[in-house]
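Shared chain: chain A. Partners: chain B in the first complex, chain C in the second.
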Partner chain A sequence: MSNWERLVWNQRGLLWQGLAVTIEVCAIAFAMAIVGGLLLCLVRMHVRPLRPVAIALIEFFRATPIFVQLMWVNYVWPELFGWPNTFFTAGWVALGLQSSGYLAETFRAGIEAVPRGHREAGYSVGMSPFQVYRRIVLPEMLLTVAPSIVNQFTVIVKSSTLVSVITVPDLMLQAMKLVNIWYEPIEVLTATAAIYIGFVFLVSTAGKALADYQRRRFGLNAA
Partner chain B sequence: MSEALVDALNPALFWEYRQVLLRGLAFNAYVFFSAATVALIVGLAAALLRVNRAWPFRWIGTLHVEVFRNAPDYIMVIWVHFVLPLLLGKLIGQRVEFSPFASAVIALGFVYSGYFAETFRAGIQSIPQGHLDAGRACGMAESTILWRIILPQVVRRMLPEAVNQFVSLFKATTIVSLIAVPDLMYQVSMVTQQEMRPLPLYTGAAVTYFAVIYVVAGSVRGLSERWRNKIYA
Partner chain C sequence: MDAIPAIRVVDLRKNFGALEVLRGVSFDVHRGSVVSMIGASGSGKSTLLRCINRLETPSAGEVFIDGEPMGGPVTANGERKERPLSDINRMRRDLGMVFQQFNLWPHMTVIGNVIEAPLRVRRMKRKAAIALAEECLARVHLSEKGTEYPARLSGGQMQRVAIARALAMQPKAMLFDEPTSSLDPELTDEVLTVMRELAADGTTMIVVTHEMAFARDASDRVLFLHNGQIEEEGPPDQVFGAPKSERCRQFLSKKLQ
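And now, the complex of A and B:
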């Protein structure tokens, strides 16, 4: 199996660099998706005049394929808004947009699932609406939707393979580079696929364990 | 900014190439239906393996689900297009080549079969044991029980979840343009190379996909809800 050694093991530095870029893109996109999703969800539920705008954005992000959004952000936004000015930024912005639409709906379902009595209990001990949100509604919502959040993160990791198309040097792009140098795709692509599958499996298993731990800690059943 | 905005929202260029682009969209639908057929058949097979009594079958079914549910669809499309033909060629000792369309259908079909298998399995396991016992008590064969008692109920229960997965699958068909299947995104990038005007073209593509997915998914969801209500009522 000298091919495996020559094409995969000896190139581990490159593949590792690529995986690091993949993790970086996913982490930034995930942070953006959480913040953006929460924002969209709160605007949709509580800011009457902007409600139609929030709904339109959520539906647009959810109903357009990630690849189309990526191309759109990459080619159209720089001329429309003068931003994003690097491929890397365009990559995480597109990934984040898509997921913020999904997470906004997830958060809304979670907030609506918080029993009315919990909120009223907060008001009756003199909490302000902001305190009720920060102390009661948001923590309960996060626990309810924790499994969906983990799931959305794996979706981001899987979609992040596409940022290689706009030349972000992630794992996928490094693998394709190696393929184009030697024209021997079998080992490199199989190894890359295995790395991705293993990575997503690891992330989803660890995420589920964390979500279940937190839910049990606060007296909910593991999901 | 405003000039760029007007350019992006001006549908004239998109309209000019409507025939090519519409053919591309039809190709998306073609890939979608082919891959969905593969996904449903393979998914059902994997689900039946996962609920089998013999552990080696269960183990194979679980492996199938875990591999394909955790695989990004882009790398699977690339892998099936560039690696699978070489492996098959080594196996049978002659040159094998997949058309881009065949690779796309195999890859997307298998990736989504993992999701469908889980949906099927959840549906199958939600059926009360009593229904199976009733079938056996009437002397039905196991296969008759599967087709007459289990699957009709499973289909109704899993429909909302399955619709979501069909939507994801349709969205995933956009990436087949990367292995030169002539779908809408592929045509858009071709026209962009000729015209050098990405703004209206990519905006048009995004709006087209949005409209198609929003309208079709919405009406399919509505129809399936009505059908379910009619049966359960």
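And now, the complex of A and C:
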């Protein structure tokens, strides 16, 4: 029986479980990042009195190392706010916060990239500023930045390995468990790396395909 | 001719900081007539058009649409009561605008572009809006392109969709801001043909253009702008045949070479 079979193939159930948790954490964090990023971006651009707050948050989320943020959410928030109350929640909150900072800036770039003429065309047919924003600016921006949003998901997937440190049973944690049983890291960690590569490759290929599709169909270049 | 012109511009002025772009422009556009505006780049033609539907706010002067002042009624003591934006939006519906850069919305199909304002602004039923859009697309000879996205169209087709989009609001007048200036020469004709047909149908139009042939034989009146003022105006035969102003003569001789 080869080491690969003994250490990886026979333990595949555990690794898949870990991958499932990884995907779950990342998906929730991703959803949070999109909603949070959009909110931060809109507040920054259009709510004058709260603008400094939004800028401070965006910069804080972007400038703090993800590991520090994870520790901060996991150990400081429960003391201050009594939440999050599970490691799993702390994991996706920290990942989501950081990405929401990045996505806020991506969204802003996308909004600024909508040509002024497209808005003026809306005004010229009698649409209100709100209608122009909702029907023209936001959809066009979302299309433009969609490939960048997908790329941000790959960043989340890679950062998500850190949640194993706070004992969220993701792929990384399961892999380290296996390593610590037999102290034979070569096969297990190589296989783990391969799974991450495969996953990230799938996602970024989807992002590229999306960008190509946008260019062909809508004539939009990804921001 | 009726008493109240479709569009009346009175002493319109516009500054950008210290730069005076429009220095007192007045003219009337009667219902069903076509007015072409010609002049060198920077003479204020586009700004004038944009002031008419208030994409730019004039610094002074007034624009009347069917006798109604765009800037707001003047009260008894002579002060102007600025209109709320919702009012300006309502009045803009009556002025269709066609831009040099087409400005189609890339995330909507051709039909989507045309029905957007009838649906959202006029609050028409979807079915009625689509029927109207198909009618408008037929007028610009693009009936078969409804389901395409703008990216798949040629420049000339895009500009014709933009014309259909403006027509769909059934405006009282159409404003054209150099509609063929960003088109390849072989594509300008299809756009000019559509514009000639609109003119022949009795559409009230103001056309900012560098197409002297169009200004000459499709318009009822021609305005030559220079330095933010109307330097010469009259029927095309007069402006092109026997211009009174020296500047206008120079401009035309360069253009018609």
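Just so we're on the same page, the second predicted complex is superposed on the first by the 216 of 223 C-alpha atoms of A that agree within 3 Å, B and C clash if a C-alpha of one lies under 4 Å from a C-alpha of the other, contacts with A are read in each partner's own complex, and residues count from 1 in each chain.
As a convention for this text, a residue touches a chain if its C-beta (ideal position, glycine included) is under 8 Å from a C-beta of that chain, and two chains touch if they have at least 3 such contacts.
All values reported here derive from a predicted model rather than from experimental measurement.
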Contacts of A:Ser124 with chain B and chain C, given as first, second, both or neither: second
Residue contacts with chain A in the superposition, chain B compared against chain C: B
First (chain B), second (chain C), both or neither touched by A:Leu42: neither
First, second, both or neither for A:Phe81, with chain B first and chain C second: first
First, second, both or neither for A:Val157, with chain B first and chain C second: first
Partner chain(s) touched by A:Leu14 [first = chain B, second = chain C, both, neither]: neither
First (chain B), second (chain C), both or neither touched by A:Thr190: first
Which of chain B and chain C A:Arg217 touches, first, second, both or neither: second
Complex contact set, residues of chain A against chain C: 115, 117-118, 120-129, 131, 135-136, 139-140, 143, 216-220
Residue numbers on chain C that touch chain A, as the complex places them: 53, 55, 85-86, 89-90, 92-93, 95-97, 99, 101, 103-107, 116-117, 120-121, 149-151, 162, 165-166, 168-169
Chain B partner contacts - residues on chain A that touch it in the complex: 59-60, 63-69, 71-72, 75-76, 79-82, 154, 157-162, 164-165, 172, 176, 179, 185-186, 189-190, 192-193, 196-198, 200-201, 204
For the chain B and chain A complex, residues of the former touching the latter: 1, 4-5, 7-8, 66-67, 70-76, 78-79, 82-83, 86-87, 170-175, 177-178, 185, 188-189, 192, 198-199, 202-203, 205-206, 209-210, 213-214, 217
